[in-house]
């Protein structure tokens, strides 16, 4: 590591962001099971340290692309909880006017060029954003979050090639959360994912994705590498998806595809209490600070939900008018 | 190397095959420039040692898939020169009834499941054939020839993953001939291609593609590895394309994309005289044996050209009837 | 006749065919756990040689289907949802649909590609497409689109037994719907439309999920005294042109209902066919009830507004008989 | 007016636009050497930032076009030949055509995708497709198909300047053909068909490479005393419906000529449109002169047999006026 890790302020901000992601998603989970959401939701619970640790190193001018499991990335990059919640509710006041929904939350003004329902698609889009960043020439980077499952899509190798060839300022963040939908990673993924990146001239690192400080530190290096014109960087973050692939799965699958014991084991490594313990131990936060964060976040989530509930459901007519910048559905 | 290299008989057979490929293509080149061919041709001249060295290790029950530059693979795998020539002429007596042409020569009875006009497409098709071979369970393999340019298509990584995951009997033969169409490899390919395979659990080797004996030896190992159920193997053969990307290029391009000196240098490493010298030195062929091969091959090429010339140009009506096995153009 | 969910009928069809023919293999993403239930239990019965759960790599999966089929296997490729065929589109468009011609008929490709299609479930733009017209334009591919459990099983069997590549596309929202399924083994032939309702006033031609909406429209019209033919194409390639023309010869009026986007959709092809071969019979403009040329929005009301429904279908019929 | 080859007109158009707008970038495979000459010299003038010769990786190229455009650049993506768009189809079908809607209009995608399409040069099945109808069905994409050098340059400029994604598809066999190109800067608007010949007996609607064949057919017909309208759509999305309907209102007879395969092709869409909105004017069946639902064979005579030509077009016209 060539940096000294996050400052106390940074750690506190990361922690707050992780709690926000967790609580927003717990709310979405409850809302889903209460039948309040129009579509399905893929929750990020358990992986918060990755989004928060990485995005703490980014500015609004840096871009991120994300996955079907994109709430965490959206919130970590500074997306507004209210308009995200409204989007998932399918409301006109949603960040995408209710047109995208959970799988497609995006806020261009924050550099969030979009979650994506197509596994692997974000990689090429990010390479394009990194190309743009290189041409802009002002040191911005483009970061792609993608899963271990997505790592089996050929577009990974293609983007490793083109970004290293052109020294594009792209940062690859592979979130190895153990599953490719309902398939345990080992049953679909051969070899080590980081080795795929090591076949190319780039900065590569593997990190504990449930350790926010470690993620921040690795990301700081990777992003600095990319920012300074040295080309792409790759981080494989080992983590675990605590909830199902999507919340609907309990109603759909006829048998489980993983052990409860495994889930419990990973709950024991939960990045949020872990970071809280670290902060207390390091004397940079007290129990009451932690309680404050929780309370503030609860209020923020309440507010987001109220905003969403109050929004008008997106209705007829809007879609065709949104297809073309220059008007008309063609 | 775990084998002792090709036997004298094998070497002589490889040599004869290389000469056949060379002379067939020199004829096609002349025919093209004489305006006798309906479409374009991508010639394999300079790379003969790869196809011949690899295919000498295969039987008709083994499958190969090939590229737009497929004449050499077709002939090396035992495809009939007459029906290949007729195919390139667009005749009804062509191996594909004149429907495929130069880029699509195939002979299923010989395990040649097809040349392919789509760069990289053969990789996934071969993985499917390797899957079939695994299910057949009788030790056959499926071999894919592909270029350095094709190695930048993501399907390479996808097939490396799935074949190593499932231990499929697939052999990857990357023919690194210096160019991806008109782009020198270094301008489009980052890192070492063989390293892409090394990221997966498989047998990987890099070989001088202009040395037929070295290719045979490496291929024998790789194919034995795959045949015995150990999963895929990968060979990167370094070689050079002596002719243009296609014969048409002289008429199309406004400026050269490579040095004459470079071409001359590689002509100096021509695999055919090199193998001849080796045979003479090793005492397994005499000058007059070499002359015999040349003479016999000239006659064979003449015969193939005569067969093609005598064929009826494939005409109307055939195409729609060939679309479906069960009849009708749907 | 037994009552079954469509997805269970498909599951039975797959198992029955795999029992019949040991050369059948099936692979795709998460076919082991089986989200919709269509492949459930197959791994247990047929083992990991014949049922393979794959990595996410659609470009390779479609290509592998071609390679395995060209090597003597009868392949069922499970692509989950129709939007994912785009990711594997090269081997569909450049290989599967063309190789037989390109090899002068040497290659036979007995491939069935399965997927769910269509909207109506707030899955948003990337999980709601109805892309059969793209496949129809490629040539070389059969396309079956069942509307109910019984047809699903019969068409699936025909697809699997065929020596040609076929897409078997199930309406995404209909997997849970219960319908009659004949006992025993049966095939439903390709290219044979089913006349689901009869009448002289107009012809509705449709397919897949839109059959039910069309039948509801027909019922509503019947209550007002208008009887219409409702023709379910069942397969879009081959298409039962005769059934369509015959009906239009009787009614003189045609409404085509299609869940796909309008432009160059199946509806426009069917309308064009009739405007050519059935022109002499036509007494009114040929109407298409389709989806605007728009990606599918997430919000349910926005989505519903785009999809044909019994009211919009009935309105189109009233229009052409006015 | 200067005389120029189509590919040179395109080359000039690219250079002029890149001089005008520094935000324009162009990338693709072998755009440096430039096989057909359309991108020749651009690297020298604009440098490697704005002109990038790429590896072969179509799936990434289409996705990068989206990412770079979403990040403020005006992207020209050179895809060489139409068949290669299938390899990069995901980012076209699931991203380029949908992201604007999915983001509620946040994303603007000024992308021009260039490629050659069509048969007639013995390039065989994998290099001869005419896939515009697939793009037309996706929604969210404009599609321009010039038939001559002057239009090529003008339509290209409109495509590049547009804030929406557009495919600019050049007839593969026409790059070398010489035509008039207006001096100075000009755009040809999207959605404005060009009436290339006029007559009252029938309407031919066509596009791209088929315009010339249709004009030859029109000439042959004229010699026999039959005058026809020949309408060149110029853009298929948006489509100049008014021009088509107006002509059919005059002639009452329609032949649609299209180099694509017939099923769900542009011709069937145009025929369907007229069978709906222009039905009252129609005096005869609407004929389509298209390509059988077949992959393109290699042998020239087999290929030529499938493509529309002046004789088959004239025959169809004689048929509808009989």
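First chain written, first letter: the chains are A, B, C and D, and each begins at residue 1.
The rule is short, and it goes like this: a contact is a pair of C-beta atoms (placed from the backbone, for glycine too) under 8 Å apart; a residue touches a chain by one contact, two chains touch by 3 or more.
Fair warning: this is a prediction, and the values are worked out from it, not measured in the lab.
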Shortest contact path, subunit C to subunit D, counted in steps: 1
Relative to subunit C, chain with the most remote C-alpha centre: B
Centroid distance [mean C-alpha coordinates] between subunit C and subunit A, Å: 36
Whole-Å gap separating subunit B and subunit C, where each centre is the average of the chain's CA atoms: 40
Chain centre separation (subunit A, subunit B; CA means) in Å: 45
Where subunit A touches two or more other chains at once, by residue number: 96, 98-100, 104, 116-118, 152-155, 158, 161-162, 165, 188-189, 319, 323, 329-330
Multi-partner residues of subunit D (at least 2 other chains): 54-55, 57, 59-60, 83, 87, 90, 94, 101-102, 124-126, 139-140, 237, 263, 292-295, 297
Chain contact topology (line, ring, star, complete or other): complete
Contact set on subunit D toward subunit B in their complex: 29-30, 32-37, 40, 53-60, 83-84, 87, 121-127, 263, 292-302, 305-306
List of subunit A residues in touch with subunit C within their complex: 38-40, 90-91, 96, 98-104, 116-120, 149-150, 152-154, 180-183, 187-189, 249, 252-255, 257, 313-320, 323, 329-330
Subunit B residues touching subunit A - in the complex, by the definition given at the top: 152-158, 160-162, 164-165, 188-192, 195-196, 198-201
Footprint of subunit D on subunit C - complex, ascending: 59, 83, 86-87, 89-90, 92-94, 97-98, 101-102, 124-126, 129, 131, 133-134, 136-140, 237, 260-261, 263-269, 271-277, 279-280, 282, 284-288, 292-295, 297
Residue ranges of subunit C in contact with subunit B within the complex: 25, 49-50, 52, 54-55, 57, 59-73, 75, 90-91, 94-95, 99-110, 139-142, 162-164, 237-238
